[in-house]
Amino acid sequence: MFTVKNLSCERDDRVLFSQLHFTVQAGEILQIEGQNGSGKTSLLRILCGLSSSFEGNISWRGQDTQAHHAAYCQQLLYVGHHAGVKAALTAEENLRWMQTLQPLLNKGSLTDALRQVGLMGYEDVPCYTLSAGQQRRVSLARLYLSSHPLWILDEPFTALDKKGVVEKEQLIVRHVRNGGGCILTTHHDFDLPDVTIRRLNLDQLSAA
Amino acid sequence: MNFFTAIVRRDLVLALRNRNEVVNPLAFFMIVIALFPLAVSPETAVLSKIAPGIIWVAALLATLLSLDGLFKSDFDDGSLEQILVSPQSLALLAIGKVLSHWLMSGFLLALLSPLLAIMLFLPSQAVGALVGSLLLGTPTLSLIGAIGAALTVGLRKGGVLISLLVLPLYIPVLIFGAGAVQAGVMGMPIAGYLALLGAMMVFSLMFAPFAIAAALKLSIRN
Amino acid sequence: MKINMPRWFYQLASPKWSYDIMGMLLPWFAIAAGLLLTGGIVWGLAFAPTDANQGNSYRIIYIHVPAAILAQSCFMLMALAGGIGMVWKMKVAHIVAKSAAPIGASMTVIALATGAIWGKPTWGAWWVWDARLTSMLILLFLYLGIMALYSAFENKASGDQAAAILTLVGLVNIPIIKYSVEWWNTLHQPASFTLTKKPAMPPEMWMPLLVMVLGYYCFFGFLLMARTRLELLERENKSSWVIAVINEKI
Amino acid sequence: MGYFNSFSEFLDMGGHALYVWLSYAITLGIFILNLLSLWFKKRAFFKLAKRQTKREQRSL
């Protein structure tokens, strides 16, 4: 489904990683590991098309992601380091805007999605009254609406409590069981039954 | 088109919720104009002679001032990233954002300008030319300025740089805009000037969105 | 966007190949520039006849006109190189554009300074808001903006692209700026005779001018290639060919 | 010599000496500045490169 060939990235005259090869099949999770500064976020940004400082090939269903950027983005949901939440808009307005951006976000109940991330009762307040963690959860609420085949998630569990983490893990499992793919980074020990989790450690790569 | 109306609506809502960002450039516009009688002379003859130039220069600087933040908050909170990883067109986004920016800056400046024309003793037969030239000229200023804003959005010290990049490109609009008002003062026809301003607006509307989109892309990928 | 180009075009994309080719051409340009400039200056200053209207101050054209021509063609070159760099993602083209900017800016300064000085005996003032001088001043601002943009980016590849976009926007604007400034000028002051618009210049006068224009171009080519080579070394300082060049030098 | 009858006449430029020689001096100055900046940049680059190679040799 998702194939990366010969990927190298250099930033500020430092090689972050080179000669990276991997694939993500439908029903698989790829967890990218590594210390801070090992290039996890850079790698995810490259995979999303948010960074062009790389060499190599990234293809999605046999098509180059750069050449077919719009078609690829249609299929992709990215939760990044920044929440992408507008502080002056309410949680509901933010989600509605994201729905216009992403046609594959279901037009289903926003209240429901917000309840799932524990923001019940916060639909109508501007997001600047929410904490940074709550703002991130507004962004994560998209996962409950998403029918994108590919998820790319940068540290999705940081702003969540224990219960929230478990729920998101279940959500990811449901997503891959339905034939989706997921690439994520996390510090969190991540072990799920009955799901293929591949691991890619960027530290070992650079040591080798 | 759905996407386009959504951007315009979103940016207008945001502007209405942060009213300071709308009011500040307008206040700046008025203060700059109020400085001239104090610095040059409060005499009617002097002021009415330089009024077209002053109002146009002040409008240009006020637009420039408000442009600095056009993409800043979207860049900082990650909204721009999300737009880049969506299938929507960045050029369309640029047009939508510039349109709502113009409604909250250039358009309001044009509405406010008759008041300032009175304060600077601009002959009343030129007020129509003033409002018309501002209505047709400021969209071009917003479009060109947005290129500069998109190029500098990822930089820490974009403020002065954007003026350096954009002001030289503003000169034709300034010349024809102020020229239209001068012609209005002298009772000459102004249709030619307005047509030129309109042509520049159409021309920049055709090309600027692509330059803005390319600039935004590189600023995000930087 | 994919257009097939001849082989040399893709070879130009290789930094080492460009470095070597420019290194071969460099001395020839230096010699040509030296000969043409010396010859042109001696010819223009000492041998060309004087102008009936302006006296000997017209001899400033021999340094002014080539600078003005070069200031404009340098901008076009930068836009072309920047465009090539954007379309074919060619680093060398971006580096050429970047190296050209300060040279173009200095040519603009020469054209401005000599034009203004020429104005003193002709118009009686050290600065006149003449259409050509004003356009030249705006061109200088455009150059300064582009150079500022290059240096504002820490990531050089981003700076290259940003400056290329700005240069292309500037190129589209230059004719509009020129037209509007000329129109503004005729509105505010009657057209006076200018430094460059001479109805009929005898060959003894324009021949040295031609030599000077060629000399300026050679000097420009020399500077541009030398700056490009240096920038190539700085950008590629980790690659094996640059290390070889350095080891040879030390 | 050439168009002028004497060297002093040449220097005087028909009364326009100030303008002509000032223009030529400024132009020459800018040409030389261009060459100098190139030369300084080149020297700085190789100086830095030399220091780096030395450091690398020491660390080996």
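By written order: A, B, C and D. Residues from 1 in each chain.
Heads up, the rule we're going with is that contacts are C-beta pairs under 8 Å (C-beta built on N, C-alpha and C of every residue); 3 or more make two chains touch, one makes a residue touch a chain.
For clarity, every value in this text was computed on a predicted model and none was experimentally measured.
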Worksheet item: If every chain is reduced to the average of its C-alpha atoms, which one ends up farthest from chain C?
Response: A
Worksheet entry | A-C or A-B, whichever has more C-beta pairs in contact | A-B
Discussion item. Distance between chain A and chain C based on Cα centroids, please, to the nearest Å.
Written reply: 48
Discussion item. Quick check: how many Å separate the C-alpha centres of chain A and chain B?
Written reply: 38
Response to the item:
Note: chain C sits from chain B at a C-alpha centroid distance in Å of 32
Practice prompt. Could you put a whole-Å number on the gap between the CA centroids of chain A and chain D?
Written response: 57
Worksheet entry | Multi-chain contact sites of chain A, meaning residues that touch two or more partners | 52-53
Worksheet entry | Residue list for chain C, restricted to those that touch at least two other chains | 155
Discussion item. For chain D, give me the residues that contact two or more of the other chains.
Written reply: none
Worksheet entry | Interchain contacts, given as pairs of chains that touch | A-B, A-C, B-C, C-D
Worksheet item: How about chain A: which of its residues touch chain C in the complex?
Response: 12-13, 52-53
Worksheet, complete the sentence: Touching chain A in the complex, chain B uses residues 2-3, 6, 10, 13-14, 17-18, 73-74, 76-79, 81-89, 220-221
Worksheet entry | Complex contact set, residues of chain C against chain B | 86, 138, 141-142, 144-145, 148-149, 152-153, 155, 158, 161-162, 165-166, 168-170, 172-173, 176-177, 179-181, 183-184, 187
Worksheet item: For chain B, which residues are in contact with chain C within the complex?
Response: 144, 147, 151-152, 154-155, 157-158, 161, 164-165, 167-169, 171-172, 175-176, 179, 200, 207, 211, 214-215, 218-219, 221-222
Discussion item. Under the stated contact criterion, what part of chain A meets chain B in this complex?
Written reply: 48-53, 70-71, 73-74, 76, 78, 80-89, 93, 97-98, 100-103, 126
